[in-house]
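After this come two complexes, each holding chain A, first together with chain B and then together with chain C.
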Partner chain A sequence: MFHWLEKNPFLFSVGVFIVIAFAGLIEILPNFAEAARPIKGLKPYTVLELAGKEVYKKDNCIACHSQLIRPFKSETDRYGKYSLSGEYAYDRPFLWGSKRTGPDLHRVGNYRTPDWHANHMWDPKSVVPDSIMPAYKHQFKNVADLETAYAEAVTVKNVFNTPYGDEIQPGKEAYEKYLKEKALPEALEIAKKMKNKEVLEMVQKGQIPEIVAMIAYLDRLK
Partner chain B sequence: MNSMVVKALVLAGVLIVGTLVVVKQMHIDLSDPVNMITFLGAIAIATLAFGVAAKYMQQMKTDTATGELAEENWDGIGEYKNELPAGWAYSFLGVMIWAVWYFLWGFPLNAYSQIGEYNKEVKAYNAKFEEVHKNASPEVLKEMGESIFLVQCAPCHGETGDGLSGKAQDFTKRFTKEQVLAVIKNGQYQLKYPMGDQMKGGMVQGKDAEAVAEYIANGMKGDAPAAWGTCAGCHGQDGKGNGGTAPNLVDYDEPLVQHVLANGKTGIIGHMPAFPGRFTPVQEKALAAYLQTLKQ
Partner chain C sequence: MQSSAALEYDYSVAKLYMWTAVIFGIVGMTIGVLIASQLAFPELNYLMGEYGTFSRLRPLHTNVVVYGFTISGIMASFYYSAQRVLKVSLAELPFINFLAKFQFVAYLIAATLLVLSLGMGITASKEYAQMEWPLDILIVVYWVIWGINMFAMIGARREKALYISMWYYIACFLGVAMLYLFNNMEVPTIFFSGGLGAWYHSVSMYAGTNDALVQWWWGHNAVAFVFTVPIIAMIYYFLPKESGQAVYSYKLSLLSFWGLMFVYLWAGGHHLLWSTVPDWMQTMGSIFSVVLILPSWGSAINMLLTMKGEWNQLTENPLIKFMVLASTFYMLSTLEGPIQAVKSVNAIAHFTDWIPGHVHDGVLGWVAFMVFAALMHMAPRAFKREIYSKSLLEAQFWIQTTGVVLYFTSMWIAGITQGMMWRAVDEYGNLMYSFIDTVSVLHPYYTIRAIGGLLYLIGVFMFAYNFFMTATAGRKLEQEPQFRSPMA
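This part shows the complex of A and B:
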């Protein structure tokens, strides 16, 4: 009855493959495609936030902090709603992390404020007495690299079609225009909330310290 | 009974006796069910192994080929037309029926969902939690409030609730004079109390405002200044907020905790984010109970 199949080895192989892969095709692929899309209302990172994300990577926050809240009651009680995969759609790369020496940060923007972050980064023990986190005082002096962050935004816009709209365009002029009209006012607003005079002065002079970009990024994690 | 089966039984018997000897020598306690089951398992394995081996060796010696040959043969090697083994055939049929069920119903409608399990677990837990703590005693509430405070509130308000020298609200007292003055000057409607948007800026001014601020910041002790009447209209003569219709100016009571958690608050110290839906009603009650113990 199935001799014809045995006489067509290639066709037989294809048939076998479909049978074996069938469960994967209908159970994994559709779910995967759906979960990879951005959740409703998700905005791409602003350039300042991208610069903060670079600081987060550079200072290796991921070594001690995760960004993924699992759907367990003990976790959602402490950190808020469980994470959805569509929330990471614009994370390139995502910073889930795998080690929680410190707490999870995926929704830290919901329950911490810029001045708290400023105090905490300057001296973690001043707000959390038992903290073993080191201080990150250099972030208050070093200037954030917005140019690279802008280039990253242009790249993801062109390569992955990240919906930035017209405000992100290639070219030095477009960058300077964006810096003046978008990034600096955004940074100024955060600096004002930080209650740190030197940081505020730096931003007013047009230089954005890493801490401001960092706080912009952390505040965005909601 | 032929010699083959006898030999097999003898070998099995030897093995069982050997096992028994070892068990006795090692003083293994056979009244322990796990030891007993293991021992019985060993006997079963010995019997089956030799029994099966004997059966097939016997078959190889005596069997002759019978049956109808299939048409195909491969270089002279043919095969018999055998019936499908019944166990195999029924399993195959069963799997086919299961596959239809799984395709149409099992996977699309009844697939496992981690979020579903989470929702069920949280719902059951919360229901139980509210049930158990419906009439929680003040001690339990205080203890619960402290645990919540240390995890959720202490990073900003400090482990002792003192607001970390002005970085956040200081729970050891209700207000500082500056805070009261700022509210009197700027007005306030962030907490969305039922009394509504009545607290306009500048209702009391100048020296009167100073006197009222002083009075409230000191915990409303002594004689009320004349201008207190303006405030008492909404906040009550005792300043306790008229049963939750306006903010309580003396204590961190339950309505105050609820309204601040639901709406967040921005004052002269800074901004506190809202925590909507983070705590259950019992937990909010517990937080209020704990905050009241912090006040000196």
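This part shows the complex of A and C:
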């Protein structure tokens, strides 16, 4: 019945390709026509928050934490309002995760303070005695890569029209100006809330440790 | 045209991949046992400073077993069996033979860079697509060379009709190419920021819900086109060859091939049930997941019935044991998946350990068993030596089977327990358990899972030893065995 097709590798391959591409055409492409619009009042991530998101990616928090609250009462009771598509409009990549070895974090900024996060990342057992999460002490020493985060902000502004202000411009000079005028004061505020002397001293010297960026990001998840 | 019986096949490329399959198998699964143990005994997170945490090691585990162990097994099987079913020797095609070796070198470079970059935490963060853009380009080059080689061999074939295995290899090539390209569309930041920041950093072309859709269209179908399609190609070649039996039904293989091709892609949405993806896509994902049972079971039943009248081989030949159990696990796994894709079940199962449990009865029971059987079938032919030890193979089979059973049963219980505890409410409608309660309760299951994984790993070491001894010290064979692989 199909023997002729099996003797014609070219037509066979074309056939396979059409059959496997079909679902994508119908299921995936239409969604792109109506790209997820941001919900009202959603602001793009600040550069410090983006740097924190990079720490979140680097230490691969999504291996154990989701950022997606499903529309069940048991989830909204535990984590807060269920997630909306428009809340993720500036998430490149999305960080929903696929496994909850630890709790969901999509609204963690609503119920945890910078001080709590600082203690938790330094030693999870100090705030959750039975926690199986490892400590991330290196985040208190490693310096966050603000420059790459800034490059990301410039890129999404120029390529995807993410609504950043005029302070986000290409080039080293613009970056250094932004770092001094915007990112460092933002980091200082977080460092003060963290009650950790060494971290505060580092930020005052102009160096932002990963933990500060990370907390800026986590605090933003609301 | 010369007689095909006189063809001398060239196994040099297949052999290279056989060795990398063994090595990546050991590395990937050792990391797997380590991270499984970390969940039961968190102190094990501190063996290597910031590089040794569960979170940093988990993508290393998945990538090394998927792109190291499994892809090596697939390529070894391809470069071995494609020559034979197409009746063309790589020795006749010197340029393609060279390209195949070049492809192997590209593979080693990509694998090394992948391990290093994931260790350093350089990641695009999409599951099973963590590579940043420079590595993506290298991988595309690798894959395209494979396609060139495949179609060049097909072009030079003497056997006009493509054997079933070749259908699946072609589908594997096309499917992965399409999905990988679309999912990894990303914008390197260095070109748009006036040269700022890390050169390898990029942002995804897609945002939020769109990104999730494309990612799980890939994530799900990476399972299709890496863990299913080429593995079916392997069993369609190696089971009939090892048993000396003809494939049970041509019509069933047709039906399951085209059915699988059409249905599989739709099912990706089942990873995103109850998310912010449009509801109709979720429903489509659910429905097609259930339909997927048909073509999956079609292949598996076709394989099992191939043994009709020859079931005695199951007791006599450990390679038949591996392959028959692989088909059986394939059936289990392709029934379990659709059950999890039903929306109400998914509400409990999603985000719990039932998911890694499901993945592992598929990959340990089906994929890896098939790779072991394929490697051991090829070894006597490629190295012209008898398999070193039958009893070692038998022991490996039973130890690993025990390991898989411990793994998935403990994860079933863990997943359902945790899923139920998350939603449990007291008589006033308040949540009964804090999150940490639902973690602490899992300790015994995490311990059992780690033991199951350890048993499996012991089996991998037995296999590696057996394979190494076969290649170097097995009794020399005068002529190529026809069906059943000779073993001491």
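Here, the second predicted complex is superposed on the first by the 187 of 222 C-alpha atoms of A that agree within 3 Å, B and C clash if a C-alpha of one lies under 4 Å from a C-alpha of the other, contacts with A are read in each partner's own complex, and residues count from 1 in each chain.
Everything below uses one rule, namely that a residue touches a chain if its C-beta (ideal position, glycine included) is under 8 Å from a C-beta of that chain, and two chains touch if they have at least 3 such contacts.
Everything quoted here is computed from the prediction, not taken from an experiment.
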- Message: Quick one: is A:193 in contact with chain B, with chain C, with both, or with neither? Answer first, second, both or neither.
- Response: first
- Message: Contact-wise, after the overlay, does A:62 reach chain B, chain C, both or neither (first, second, both, neither)?
- Response: second
- Should A:72 be classified as contacting the first partner (chain B), the second (chain C), both, or neither? both
- For A:122, is the partner it touches chain B (first), chain C (second), both, or none of the two (neither)? neither
- Of the two partner chains, chain B (first) and chain C (second), which one does A:80 touch, if any: first, second, both, or neither? first
- Touch check for A:27: first (chain B), second (chain C), both, or neither? both
- Superposed model, chain A: greater residue contact from chain B or chain C: C
- Query: Is A:112 touching the first partner chain B, the second partner chain C, both, or neither of them?
  - Reply: first
- In the superposed arrangement, what residues of chain A touch both chain B and chain C? 27, 71-72, 78, 128
- Query: Which positions of chain A touch chain B when the two form their complex?
  - Reply: 26-27, 71-73, 76, 78, 80, 82, 110-113, 115-116, 119, 126-129, 193, 195
- Spell out the residues on chain A that touch chain C in their complex, using ranges where they run on. 1-3, 6-7, 9, 12-13, 16-17, 19-24, 27-28, 31-32, 35-36, 57-64, 66, 68, 70-72, 74-75, 77-78, 83-85, 87-103, 128, 130-136, 138, 142, 145, 147-152, 154-156, 158-160, 170-172, 174-175
- Message: Per the contact definition, I'd like the list of chain C residues that touch chain A in the complex.
- Response: 38-39, 42, 45-46, 49-50, 53-56, 58-59, 121-127, 151, 154-155, 160-162, 167, 170-171, 174-175, 178, 182, 187, 189-190, 192-198, 201, 203-215, 217, 254, 258, 261-262, 264-266, 268-269, 271, 274-278, 281, 284, 288, 347, 350-353, 355-356, 422-423, 425, 430-431, 435-436, 439-440
- Under the touch definition given earlier, write down the residues of chain B that touch chain A in their complex. 107, 111, 114-115, 117-118, 121-122, 125, 151-152, 154-156, 158-159, 164, 167, 270-273, 275, 278
